[in-house]
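For reference, the structures are reproduced in the following blocks.
Two complexes follow with chain A in common, the first pairing it with chain B and the second with chain C.
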Partner chain A sequence: MKQVISIILVLLIGVLIFGALYFSSDESLKFNEYGKVNLADRVSEKYIDKSVNGGSGVVEYQKSEGLESGSANYVTSIIVNYRSFDTLGEVTVLFISAFGVALLLGGKRKRQKNMFEPNFILKHGARLVFGLMVIFGVYMFSHGHLTPGGGFPGGSIIAASILLLYMADNEFRAKMKSLKATEGIAGSLYVIIGLLAVVLGGYFLANFLPTGIVGDLLSGGVIPIVYILIGLKVGSELSGIIDSFVTKEVE
Partner chain B sequence: MMIQYIAILLMLVGIYGLLSQRNVIKMIVSLNIFEIGLNVFIISIGYVKDGVAPILTSVNNSSSLMFVDPLPHALVLTAIVIGVGVTALALALARKMHKKYGTYELDEMGGEA
Partner chain C sequence: MRAIFLKTEREVNKVQILEIVEIVIGALMLIIGIMAINAKKLLNSIIYLSIISMLAVVAFVLMKAPDVAVTEAVIGSGLVTAIFVFTLFSTRKEGEDL
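And now, the complex of A and B:
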């Protein structure tokens, strides 16, 4: 009975969604046909030309200099430059959820045994891979303004490397105090950079450093700094969540 | 076009799971399926035919090229992170419930506690 009612409800919702998006008589509600988007109709064109505050012409890789947001990766320039305040809120949400997990599962905790006893090769092979994964994670968030990726994926990779150590070793336990310290320092530095920008750039989280040449490693002003902070924060936060789940409370 | 239909179908599968399942873990999985469908749909809105990835490189070296829309990518990145947080919190709640009632089934969580 429950299933029948659910199917009916789901079909109703489906008809509403499909009808509104694809078969509506109201032209303003309809989407552009898939793949036939004119970016000039959208705000994104301003982001691509980096001309939100006024035209700057064509942006060329390794040539254009001193743009309003000097990141070669447009997604990064939106996340950490144009919509940085949004990202600050997002990081706060992640912090609150990590805090909530720690609060719910909290207390003094000890390591929970894995389902199997890891052998010598697994234990030491995991340590070898751990180093490479951390290096890759750091590469990812320090090159967030040039290549795909950035603070959030880089932090997740670091957290995954910690999870690997937990899985491959029954005794391993991350140092929670240093993780919490990293998280707190990185989060506060993000806010401090924002406040510094009020003094130096005129508004909260403004890009107050020179943006350099597009495509250089040291370009984009505060973007690489903020993304490194986000990477450290996300990595330590997710590691903390993982630690909460693989440990159990001491009775 | 096909990918948008598939994304909406994924969303509907997620809604069905949320409505019909009474197991907490299954409900969390449904929530995640719903979220993935939504994310795929938002990404598909920004697709431009023959557009390149919105990153300037030594090959795609000018902003006058045809890029796909970077704004949905940025929004979905936010949504994914929020999704991770929600899932972690939901799993922590589920584990707390399991500790108290000894089951993940909502129907079996009777008045014994």
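And now, the complex of A and C:
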């Protein structure tokens, strides 16, 4: 009975949402009119053309030079350039959650045995895959301004590789002190870059370095630097959280 | 002229197929979500949650959001599943079956 009621509720909410989208009185919100909106009226077009402060308006790959945000991936140019202060808040939220986990599960801890004895393939495959995973994570956050990805997924991939080591070895324990040091240094360097931008660029977290040619590895001004810092911070933070979940308190 | 017309028709068909795939994935996500709520064992429930994340990755890729897809693939179906499983293992009673 409960299931029937829940299915009916889900269907009702779905009908309400789709009904509102299809029969809305506002033309621009209508579902079937959605693609036909005049993009010149919207601010999103300006982010894609990188002309928020006024500019030429056409960005050409490997040709345009000295734009206000030089990253080819425009999701990144919004996250780390136009909305960098939001990203600082996001990183702070992650830090507070890691802090909460450390507060609840902190103290002197020792390794808890896995539920299962790691078998031959997991044990030896982990050694092979670990390096590749770390390289892929580093690629993810160092190329965040060129290809899809960035600091958050890159850091999470590194944390996943640490998780693989924990699963493959019953005795393994990451070096928590160095992880915490990396986290603290990366986090404070992000704020220091923001404060440097106040002096050099005029406002907090401004892009004060030359942005270069769109599509080059060394382009985008502070975007690659900030993304590398975010990647290191997120990776070490999530590894710390994983460590507190796999260990247990020493009495 | 005719060739251009044929090409556009094919593109229209492609869009329609993608829309159908998106609807199928959305329906699957709803069904597996209900299965996750109803599962008797908590471990099965976690696996269903992981499957929902995997389907969401496919949906994000079809909707041309690769950035979100990568993040969802790593966090949704990797780390969150692992942390839930570890929590389940450490909260069970001695000798209890999962």
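In this text, the second predicted complex is superposed on the first by the 210 of 251 C-alpha atoms of A that agree within 3 Å, B and C clash if a C-alpha of one lies under 4 Å from a C-alpha of the other, contacts with A are read in each partner's own complex, and residues count from 1 in each chain.
Definition applied: a contact is a pair of C-beta atoms (placed from the backbone, for glycine too) under 8 Å apart; a residue touches a chain by one contact, two chains touch by 3 or more.
What you see is a predicted model; the values in this text were computed from it and never measured.
Contact with chain B, but none with chain C, is seen for A:V58 once the two complexes are overlaid on the shared chain.
Applying the stated contact rule after C-alpha superposition, one finds that A:L200 touches neither chain B nor chain C.
By the touch criterion stated above, A:M115 is placed in contact with chain C alone, chain B being left untouched. In the superposed pair of complexes, A:I48 makes contact with chain B only, with no contact to chain C. When chain A is checked against chain B and against chain C, the one touching more of its residues turns out to be B.
With both structures placed on the common chain, the touch criterion links A:I13 to chain B but leaves chain C unconnected.
In the superposition on chain A, A:L132 contacts neither chain B nor chain C.
When both complexes are overlaid on chain A, the residue A:V246 reaches chain C alone and has no touch with chain B. In the superposition on chain A, contact of A:S97 is made with chain B only, not with chain C.
In the superposition on chain A, A:G149 makes contact with chain C only, while chain B stays out of contact range.
In the superposition on chain A, chain A positions 3, 6-7, 10, 73, 75, 148, 150, 152, 238, 241, 245 are in contact with chain B in one complex as well as with chain C in the other.
Residue ranges of chain A in contact with chain C, taken from their complex: 3, 6-7, 10, 73, 75-76, 112, 115, 140, 148-150, 152-153, 156-157, 159-160, 163, 238, 241-242, 245-246, 248. By the touch criterion stated above, chain B contacts chain A in their complex at residues 1, 3-4, 8, 11-12, 15-16, 19-20, 44-49, 53-58, 60-64, 66-67, 69-71, 73-74, 77-78, 80-82, 84-86, 88-89, 91-93, 95-96. Residues 30, 34, 37-38, 66-67, 69-71, 74-75, 78-79, 82-83, 86-87, 89-90 of chain C are the ones touching chain A in the complex. Listed in rising order, the residues of chain A touching chain B in the complex are 2-3, 5-7, 9-10, 13-14, 17-18, 21, 31, 33-37, 39, 42-44, 47-50, 58-62, 72-75, 78-79, 83, 86-87, 90, 93-94, 96-98, 100-101, 104-105, 146-148, 150, 152, 214-215, 234, 238, 241, 244-245.
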